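Shared between the two complexes below is chain A, which pairs with chain B and chain C, respectively.
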Partner chain A sequence: MENNNIDVLIIGAGPAGVAAGIGAKKEGAERVVVLERDWDLGGILQQCIHPGFGLRTFREELTGPEYMHRFINMAHEAGVEFRTNTMVFQIDKDSNSVWTMNKERGIECLNPKSIVLTMGCRERPAGAIRIPGTRPAGIYTAGTAQRFVNMEGYMPGKRAVILGSGDIGLIMARRMIWEGAEVEGVYEVMSWPGGLRRNIAQCLDDYGIPFHLQTTVKKIHGTDRLEGVTVAKVDEKLNPIDGTERYVPCDTLLLAIGLIPENELTRMAGIEIHPVTGGPVVNDLLQTSNPAVFAAGNVVIVYDLVDNVSDEGLIAGANAAKFAAGKISPNVKKIPVKGGENVRLYSPQFITGESDTIIYMRVTHPIEGPCKVTAEPGLYTQKLRYARPGEMNEVRLKADVIKSKPDLKEITIDIKPL
Partner chain B sequence: MSEERNLVEKKIICVSCPLGCGLNVILSNGEVASVTGNNCPRGFAYAKTEVKDPRRVFASTVRVEGGKLPVCPIRSKTPAPKGKLKEIAKAVAELNVRAPIKIGQVLIHNVCGTDVDIVASRDLN
Partner chain C sequence: MNYDVIIIGSGVTGAGIARELSKYKLKIAVLDKASELPSGASRANSSMIHGGFDDKPGTMKSKFCVPGNKLWHKLTQELDIDFNPCGSYVCAFNDDEIKHLELLLEQGKTNGAPGVEIISGDKLREKEPNVSKEIVAALWSPEAGIINNFEAVNALIENARLNNADLFLETLATGLLFDEKNNIRGVTTNIGEFFAPVVINAGGVHSGEISKWAGDESFKIIPTKGEYLLLDRTTKGFINSFLFSCPSKAGKGITVLQTAEGNLMSGPTATEQEDPEDRATTPEGLAEVLKGARRLVPDFPVKLNITTFAGVRANTESGDFEIKVLKTPRGFVNVAGIKSPGFTSSPAIAEYVADLLKEELADRIKLIPNKKFIPERRNIPRFLYLSMEERKKLAEKDPAYAQIVCRCETVTEGQVLEAIRRGAKTVTAVKMMTRAGTGRCQGGFCCPRVAEILSRELNIPLDEITRHGGESKLLAGKTKEFLLKGAE
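== the complex of A and B ==
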């Protein structure tokens, strides 16, 4: 009984899932349950102990745990139920049954009226870039090292090299310094940084940590423990240039080489995955190709800011509640969005025009000068000072503008220099 | 007759928000004469403190006894002087705290004489 009257079931209690719970309750859903595999709520923000979160939402900069503390309190007040230590291991394709596992409760089958996927993302691992050399201890993704240091109280090493300039890598460079370690340098294979400029300033420049663009780790040395890496400059095709090699002694290599939406369950449920974002294809209601299943946050597309993740969680939760109440028509109109010039990825991929919406996007190549982002035909235009792959851009679409064009067949988004 | 003025130009990146504006600061005899490149008033305020008294929020962990985790995250409640961060890091590293800990609980008053408090940034039972 307890499992058979759930209106909205949410998978993952990170920022997206907790916000989705709040959104669903506010929309009037009777029973909203959030499942979490960890023993505690908050997802990855539990280990993001640095400030920088929630400036948009709360008008102040909070640490990750502080940001989640506020949202979790709001969710409790709204009457959201949480089940921790609960792993979802299957979503059935046709019935939308959700199978869970928990040490006390055993294996259970839940049949909610709607589902919100908020599983977040995980880091690209070492195996994804196949660096030649040995495979000693001392090589971690930056987020793994972050968990060791910030939650488990272990230091991964004393002298680190960081490969990749994603924000987690930059944050970990400073974190290692504050814990008394040495950071020899940050190496980025591309000609532009992966993370935010302010993190280059406050995490590297503040501590004099060298930042090398168009440089990569070419070889790993060491038998049991990492002893050093060979770094080298790369050419335009990202291949190491002979003669530019340099040996760097280190006992730790941290990888900040990208994030991948975590969609094993989504695939199992037969939901369409976008080949570029790696997340489910969604419309502006954040509804996937399965009408009863919604998705929000980094499981859909990797965002820069948690504020955006929470915003999307609220929307997905509210729409999942509407679906559970039979308030979303199955025949809702869907206008496809196409990525035009210099658009690498974007979400959502379909627009219903049911409400105002934001299309989040990233450029393929940086434009270091005035440019503009547009949605054609004539739906939106915004001038920008620059556009960079490490910083998301937004296209804001008004529902009344979409509705005023009944013949609209397709929306094309572009970012072009002025 | 014009007074002899010592003009210095400084380029800094504003860390007040994720935009990370590149600021051009003109100092006249050590005082901020102009700031350009900022998108908002926070950038101006940041430039003023950054050239005179640079500050950062410090965040780390402290050892915990009897908690569900062996460490608890902490932060400086307000930005602390940049030049004192190393000293603050040492003071924080020497601290041991007993669970339960409440978010916002002051763990060190006036750390290293900076007038800044170190507070817990999560609940830990």
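== the complex of A and C ==
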């Protein structure tokens, strides 16, 4: 457990971090260390005990812990070192020194040759949407509730309302039912679901849980424990419509109102953050504005499927290993990517064309019919049956196509109806 | 239980009086109905230590504000309380408002507020570049500052306890006890009777009711709600001080400030209401705050909002504090209607109350100086603010300081354990004492962890742990429990 001579240091042992470890070792890095603040590896997937993971990577439907187990085994075989119960609390701007704490080892300073940020994301809290009312017990983000139920073995409440239709909220609606609790309904302020359609079907429809679009929680009631919420329909500007209010008695409000890349350390390190994704600006090498620092997974942009997170982890780890070995030129050309029609967010934001790459993107508005995703000038076209904000779309760019256009100044991506 | 003095209420007023009286050889009991401190208006306010220009000369407020400000400068050192002596500005947008600044300047001079002056809008913008370009002038008060109000109340009460005062939480005063001459004999509560020849009413928004028990109905408390927006600490430096609007017909006006911890904050509204316990925020109130914030600071980054809250202040009809020893029954002291600048004034009020006891109630209690009085109190170590060397030392001495519990505010397990040693029993108590849960995820990460530590340390099942006492249990039971019950 030496602290010197670390080639690639990876922060966070969730799906992105474990894959980054594998990627770095495969690329030939000598010492690859993954730091994890929890006592076990796997990140948030530890508490995702429902099936649905790894359909693309393993062509099997796995639970979160099963999916991670496979990657963790691969990482061990590849010779990746892990340090659990180890939290990074500071990255120094100029030296890239990484400060860690651990009960046995105390406070230490690591100086790796390169760093991969794989801290994942966190949930938006109630305060972010400023719901008026009181502040009783019984209001949790869906992920916190999931931890209570799946990790601790406790129920947050007996009768829940779920605000927001992000995937964790949908999964938790079903989980609460399985545990004998009531779920009065799921309320979504937008006119489309936040999560995957398959989760709407499998978690709500199959259990008869009502799903209300264009409806929000307008007020919270109760002083000690939550007693109820007032729900109301919203207008086009998302403001509650007077006269549509309904009081719903409940002891629990679960929030699935969005995920935010967790970038406290990234900010500390002085790395440029993208104003829309909330994650670091990266190029297709998954390199940030600090050339020695790479990033992958939900810390960059919130993905819909874990398979993509693992893929990106492998890429970031491999490139971090290349950087540690001095194999990445600082002067590589970086072509900016611009989001055009109906593109809400996307990553990476710059393309080097060093290898084939995928730009992951989400649409602003759903298109419920044939449409196409394009990358101009003439780099990529793909027809789609639909495009929905809850599900990511991809632009696949070929390195040889990029290389064949030496005058390329900018790439514009769009999703348009056909 | 026999005491010399019973203080009803452990807000900044009650806690301040307890700390002041603990300088004397007295048996002091402080009663508070809440499960953690501070609660009530001392928890939810602007955390402002005012400069002292805002109060009409001749009022009680004007009498205590400037000396209170001076005392806080000293107390924050003695008691290790976060305090940012950043000064404050009252912002004027037009000639009428400049006239108001001139009035405040005169008042400030009369009240003895040091260093108050009127500066130009441009000079303000040199210091605070994010304020509105339409501000034409500002009243600068260099002695004003912003305090960590959670820490302040806990520091006062901890120091009072160190000097032998007793604190009783979850203890609701329900009435007074009188002797055969109809003088004060004590207080009845939900947990039993407390006896003392002197009772001090520091009941905040309930001080009017409590005064009635003693037969004094000479003033009425008008509960007045103030709503606030609190933003993420990444806004640190967006505003560096405290900005007031000029008061208008709509009220004293919305302020924008940077808290002692570096969060951007805005509020309060001023809505009179019947219910002293209604702390619900409202759509109208929050909209008013945002509008007011944007008037002062057009780019107020509300996207970074992390929570909203409301406090209920104890306004009086006279608009002034109600501090007096009642003639009858003997032994009853009102320290009522303490609202803005109540937090600022509280240490001066506490000294005044001690004088009142000496002068007017000498027949009931004797204030003999306690030579063993310890004026200092150390805060729980704040990992976030320590140097790397200090952190290393702390972690070597106690490994619990090398374990993060709250990631947003970098609060360690060591701090949580120390808060529990100092009496925290609820998740909110830990929050008040360590700031775990005050950050951008609002407890999403640390709440389960704090609850686990409380459960382990206090030997209470996890599903009995409460958010803030009473019926505020975090959990409803174990998994499978509802299913088993359903099957029966």
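FYI, the second predicted complex is superposed on the first by the 417 of 418 C-alpha atoms of A that agree within 3 Å, B and C clash if a C-alpha of one lies under 4 Å from a C-alpha of the other, contacts with A are read in each partner's own complex, and residues count from 1 in each chain.
One rule holds in what follows: a contact is a pair of C-beta atoms (placed from the backbone, for glycine too) under 8 Å apart; a residue touches a chain by one contact, two chains touch by 3 or more.
On a predicted model such as this, the values are computed, not experimentally measured, just so you know.
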{"item": "Side-by-side fit of chain B and chain C on chain A, or clash", "value": "fit"}
{"item": "Partner chain in contact with A:R37 - chain B first, chain C second, else both or neither", "value": "second"}
{"item": "Which of chain B and chain C A:H50 touches, first, second, both or neither", "value": "first"}
{"item": "Which superposed partner A:G106 touches (first chain B, second chain C, both, neither)", "value": "second"}
{"item": "Touched partner set for A:G157, first chain B, second chain C, both or neither", "value": "second"}
{"item": "Which superposed partner A:R135 touches (first chain B, second chain C, both, neither)", "value": "second"}
{"item": "Partner chain in contact with A:P125 - chain B first, chain C second, else both or neither", "value": "second"}
{"item": "First (chain B), second (chain C), both or neither touched by A:F148", "value": "second"}
{"item": "Superposed model, angle subtended at chain A by chain C and chain B (C-alpha, nearest 10 degrees)", "value": "110"}
{"item": "Which superposed partner A:K405 touches (first chain B, second chain C, both, neither)", "value": "neither"}
{"item": "Partner chain in contact with A:L305 - chain B first, chain C second, else both or neither", "value": "first"}
{"item": "Contact breadth on chain A, by residue count: chain C or chain B", "value": "C"}
{"item": "Overlay on shared chain A, then closest C-alpha pair between chain B and chain C (Å)", "value": "5"}
{"item": "Chain A residues contacted in one complex by chain B, in the other by chain C", "value": "149, 152-153, 179-180"}
{"item": "Chain A contact footprint on chain B (complex, rising order)", "value": "12-15, 17-20, 22, 56-61, 63, 68-71, 73-75, 82, 85, 89, 93, 103, 121-123"}
{"item": "Residue ranges of chain A in contact with chain B within the complex", "value": "39-40, 46, 49-52, 55, 61, 63, 65-66, 69, 149-153, 175, 178-180, 196-202, 205-206, 304-305, 391"}
{"item": "Residues of chain A that touch chain C when the two form their complex", "value": "37, 85, 87, 89, 99, 101-107, 122-123, 125-128, 130, 132-138, 140-141, 143-144, 147-149, 152-158, 179-181, 218-221, 223-225, 240, 251-252, 264, 267"}
{"item": "Residue ranges of chain C in contact with chain A within the complex", "value": "229-230, 234, 277, 279-283, 285-286, 305-309, 388, 391-392, 395-396, 399-400, 402-404, 407-408, 410, 440-445, 447-448, 452, 462-463, 466-483, 485-486"}
